[in-house]
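What follows is a pair of complexes built around subunit A, which joins subunit B in one and subunit C in the other.
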Partner chain A sequence: LAPWIPVVGLEIHAQISSKSKLFSGSQVQFAAPPNSLVSFFDASLPGTLPVLNRRCVEAAVMTGLALNCSINKKSLFDRKHYFYADLPAGYQITQQRVPIAVNGSLSYSLCIDNKMSHMVTKTVRIKQIQLEQDSGKSLHDDSRCQTLVDLNRAGVGLMEVVMEPDMCCGEEAAAAVRELQLILQTLGSSQAVMAEGQLRVDANVSVHHPGEPYGVRTEVKNINSIRFLAKAIDYEIQRQIEELENGGTILNETRAFDSKLGCTVPMRDKEGKQDYRFMPEPNLPPLILYDAKSLPANMNHQQVINIDWIHERLPDLPSVKREKLVEQYGILPEHSFTLLNEDGLADFFESVVKQTQMKPKKVIGWILNDLLSYLKQHSLTVKESPVSSFLLADLLNLLEKKEISSTAAKQVLAELWKGEGKTPLEIVKEQKLELLQDQKELEQICQAVIDGQENE
Partner chain B sequence: QQVSVEVLEHLEHLALVDFRDAEGVRRLQKAIQFADQLHEVNTEGVEPMDSVLEDRCLYLREDDVTEGNCTKELLENAREKVEEYFVAPPGNIPLPKLEERETFLQGS
Partner chain C sequence: AALKDGLRSQVSAALKEGRVTPTELCQQCLARIKSTKFLNAYITVAEETALKQAEESEERYKRGQPLGILDGIPIAVKDNFNTAGIETTCASNMLKGYISPYNATVVQKLLDRGAVLLGKTNLDEFAMGSGSTDGVFGPVRNPWSYSKQYKEKSVSKSHSEDEESNWVNLGGSSGGSAAAVSSFTCFAALGSDTGGSTRNPAAHCGVVGLKPTYGLISRHGLIPLVNSMDVPGILTRCVDDAAVLLGSLAGHDPKDSTTIQDEFKPFGLPDLTGVSKLSIGIPKEYHAPGLSSEIVALWSKAADLFKNAGAKVVEVSLPHTRYSIVCYHVLCTAEVASNMARFDGLEYGHRSDMKDSTESMYAATRREGFNDVVRGRILSGNYFLLKQNYEKYFVKAQKVRRLIADDFVKVFRSGVDVLLTPTTLSDAAPYMEFIQEDNRTRSAQDDLLTQAANMAGLPAISVPTALSERGLPVGLQFIGRSFQEKQLLTVAKWFEKQVQFPVIQLEEVKRHDNGVFQHQKSASFS
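What follows is the complex of A and B.
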């Protein structure tokens, strides 16, 4: 049997973290009374016009720069037409012809054979990043044969990140999306929480034999977590391979991932190929961005976006942060990954290191093996930890000064975990865990044991 | 040049317009002919203009919350509502296929 090459491309929609919407001044907020965060423009009432939100443009530029893209100094807005109840205008304003950023790349790491010590770096090309409007939300009430529409989300700014089909499996896609999520959160351009719909991923999947042209691709939607992303892609790859090996064909269709059944199913309402009848958005002139060289002399600052100014102020990206952690503290690369993977863990680690004499290389063990496993067992975030960095540092100092043994330290940590407000020293005294340092006392004990043995 | 029945059907399906009768289609043909006059201009080497606003400045708004909170007003326009939600039919109701419709296009 000839081998199959799976091809995976991702289309990611990230909700921009801004106070107001992309083209109107209504508020952006998750979970608010239905239709309370909707302006006349969002409801597409006649006579309203789009007005571009500066913060959304800055978010897109930051993201483009972080993903090594070329920023288009002139980009355009277009209308993408289709009918749906949660799209009151009958079209979405997007950037189809000339988006704000193009030709970037995203590097991510993968563990080989599930061993964190064997990590490889892969790269996926970013085709483009475009600004566009989000649609409202439809709640399907099948029992009463109706759909309830909430337009609170309609008009919220999105950055669509289009990746080239450079990936080959669910694991790669999951790792790439996780890294993108961390980058967006570091930049602050999107909070990228998948569970709240701030990061939505659609996967395009196809398979083909080596040397042959790419196969027909399907689009997989309705993926609600990074774990499900990997599952959905791997399922779809298998489904396509089985279908083709049984002599069947793959339809160019849209499928939804059913997380309960762990499979993909054809989606309703997606009949055939859509013709979106793209046209330029007549109400918006081109978006012009500047850099240090092209900065106009006499323009109002508030109306000018300077790409170089934004570039200079980009925070350290996750990959840079990891390198710095490894260099500064002598920890292993895989440690730096785990530190950045948990919100607040890197800060916690650095805080403990500052407050203790114990070497960072030893501290990291306590953070990753002990603290982190406690947190995971009790499903707590770092912020919710009953053991503060101060308490942990205090405990590690006792260990470092050889006042207690390592085994005793673990016992103390277990006690600290209860969060009863006792200090490490108090627990040590309570449970009599002090290491005996007195030579004479030790000799007496050893002698007593030997004597005891002799008597038997 | 005639606009084919396939294109007309496609347009009706896509844009939910109704050409209604032969007169409607003739009007469409005339509109296309009128726009075709643009081809008489030699535009070689000229960048296409896509908006009369192209040399205007795109105004950038500050990221402040200045509107919203008008649920009652918005819902006044709704024929049907349920607890401050707009009510719509369940999903799109596609236009029936040409064979299943009573339209003059069938005869063409």
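What follows is the complex of A and C.
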């Protein structure tokens, strides 16, 4: 059987972290009472007009720069028309003709054969980033034959990030999305929490034989976590391969991932192919961005965005942070990868290192093996850790000064997890875990043991 | 006695001097609205709130602290502007009963300056039309139908019989506003102008109709027809008043991203002593087929007036004029299709009882809520926006639009200050004759001379010029350079002074008697 090459592309919608919406002043807030964050514009009241939110543009520029994109100094807004209950105006304002950023790339790391020690770097091309409005939410109440519409989310700013089909499987897609998530969180341009709908991923999947053109692709939606993303993609790849090997064809359709069954199912047919009747948004002039060179002298500062100014102020991206950790502390790349992969763990690590004489290379073991596994076991985040960096550093200092053995240290740690407020020293004294350094005392104890044995 | 021509000359002074109070003025106007109800100019009369505003104004005058020249002045607003607490219908079933929670920026500005909002005026449904005939509240009648000037000229047998059916149309779509100003129910009115909707009825009603430069006055709160062409329009009885209104309304609005940022300075209009420094352009393409010989003659006479006064009058060419109607049709319907998409019955407005599904509810709501004209334009617009048609129609029309706009740029660059053209093809038609043609045909005909200015975003003003042989008003149009309203209005004012357009002599319907209106019993109202 000829081998199959799976091809995976992604369309990611990241909700912009901003106080107000993309084109109106109503607040952005998760889980607020229904229809409590809706301005006249959001509700599409006749005569209302969009006003662009500066912060949203900055977020998109930051993200574009972080993803190595070219920022379009002139980008345009368009209307995308379709009728749906959660789209009050009957159209979404998006950027179809000329988006704000294009032609970037994202590098991410992958473990080969599940071995952390064996990491490779892959790259996926970023086709574009566009600004657009989020829709409201509709809940179907079938029992009462009604649809409930909540417009709180309608008009919230989104960045749509389109990743080219450079990926080949669920694992790659998951790793790419995870890296994007970390980047967005580092920039602060999106909180990117999938569970709160701040990061939504749709996957485009197809398979083909080497040397042949790309196969028909399906779009997979309704993926609620990075783990499910990998599962959904891998399932879909398998499904397509099986279908084709059995002589069937792949339909260019949209499928939903069913997380319970672990498979993809065709979604309700949306009237065949949709013609969105794109039209320029007449109420928004072209979005003009400047850089240091093109910035006119007499411009009102508040009215312009300077790309270079934003570039200069970008924080260290995860990849840079990882390198710095490796360089600064002499830890392994896979260590720094895990440090950054866990929210707050890198800071925790650095904090411990500052407070202890133990070498970072040794500290890292305690962080990754002991602390992290405990947190994982109890489903805790680093922020929720009952053991603070101070306490752990304290403990590691005892170990470093050879006042306790490493076995004893683990015992103390186990006690510390209880979070009873005792210091490591207190626990050591309580449980008599001190390392005896006194030669004579040791000899006496050994002698006693030997004597004890002889008596039996 | 106080209700003569305009603001500054009579009423503002009268108010300040206490010769008339805002309340009296308001009551007079409200009475007048009642007595001219047959004109059907108003959809909603906001009697209570108007009187309250008048009282508040009166308080201010008593304290010697009026807000300005507009304090206490009764005005009317076309019913496609949002007015908080007062119904905004756009003359459509879709918005019958709709009470907006906010004021359009222009409405707010007027209220902030103490103007008294008498009510909302009638229009073609959603401003689609050039006759003010196709709204759900019925057609608006031209006040000149009841003027001595028209009656003297019209050959009518039975007086009372004909009056009911032989009344004259007044163009549109801001017919209600034009009629309201023309019949002295208010001192100024807001209209909207997308293809001529303010200038056209102004010409037919013998009032001044100003279309400002696109981007000068905020559209926030104006329910849009074509976002890229709409402007709030100003209707007044003289050019000076139009300048006053403009001064109160123009300027950047952060709520409208298409308004320019530049600071706007209100201006008064100088009295031109001579026009020798002026260059007037006469675009030859505006000698359109269908232009009545009467209007051609008037146009020529006006050109001569300028020439004889020392101005340079030159023939110019705007070669792409003949494509403007078709181009307008494509762009207008496309934007209409888009703008009307929000009317689905879900958040506000009419909602059908159809409950089978969301889609069926949408379809029924829109069928019930919109008239044929609106639905026709939506269907056309959607057709032009289909993927396979977009390049051929929409993009093509945008390109042609650019050419039309460039025609004007070239002409103005060649040294012409202001263009002089007719506003309408002829004087107003009797209603019965007007409705012989459908809305689309009428719009195509009647917008011909006015909508290129909308395509190019230029300011334009219609000034009442003379009475036709039938005793009906004819206006001429001046088109100016972008944001050069001062120059445009200065020229218009000079012209107004030269032509001395007669005041309408409205024969009052004798049923209504108001003590303050002593002179109402006499034939002329001046």
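Keep this in mind: the second predicted complex is superposed on the first by the 444 of 456 C-alpha atoms of A that agree within 3 Å, B and C clash if a C-alpha of one lies under 4 Å from a C-alpha of the other, contacts with A are read in each partner's own complex, and residues count from 1 in each chain.
In this text, contacts are C-beta pairs under 8 Å (C-beta built on N, C-alpha and C of every residue); 3 or more make two chains touch, one makes a residue touch a chain.
Everything numeric in this text was worked out from a predicted model, so none of it was measured.
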{"item": "Touching partner for A:L284 - first (subunit B), second (subunit C), both, neither", "value": "both"}
{"item": "Subunit B versus subunit C as contact partner of A:T147, first or second or both or neither", "value": "both"}
{"item": "Partner chain(s) touched by A:I305 [first = subunit B, second = subunit C, both, neither]", "value": "first"}
{"item": "Which superposed partner A:D275 touches (first subunit B, second subunit C, both, neither)", "value": "both"}
{"item": "Per-residue contact with subunit A, leading partner among subunit C and subunit B", "value": "B"}
{"item": "First (subunit B), second (subunit C), both or neither touched by A:A89", "value": "second"}
{"item": "Contacts of A:L49 with subunit B and subunit C, given as first, second, both or neither", "value": "second"}
{"item": "Which of subunit B and subunit C A:R79 touches, first, second, both or neither", "value": "second"}
{"item": "Partner chain(s) touched by A:S206 [first = subunit B, second = subunit C, both, neither]", "value": "neither"}
{"item": "Partner chain(s) touched by A:Q128 [first = subunit B, second = subunit C, both, neither]", "value": "neither"}
{"item": "Where subunit A meets both subunit C and subunit B, residue numbers", "value": "40, 43, 45, 51-52, 81, 83, 85, 145, 147, 149, 275, 277, 282-285, 303"}
{"item": "Complex interface listing, subunit B residues touching subunit A", "value": "10, 14-16, 50-51, 53-71, 74-75, 77, 82-92, 94"}
{"item": "Of subunit A, residues touching subunit B in the complex", "value": "18-20, 24-27, 33-40, 43, 45, 51-57, 76, 81, 83-85, 138-142, 145-151, 268-269, 271, 275, 277, 280, 282-288, 302-303, 305"}
{"item": "Residues of subunit C that touch subunit A when the two form their complex", "value": "81-82, 88, 90, 95, 100-102, 104, 219-224, 226-228, 254-258, 261, 334-335, 337-338, 340-344, 346-348, 355, 358-359, 362, 382, 385-387, 390, 394"}
{"item": "Contact set on subunit A toward subunit C in their complex", "value": "40, 43-52, 79, 81, 83, 85, 88-91, 145, 147, 149, 275, 277-279, 282-285, 303"}
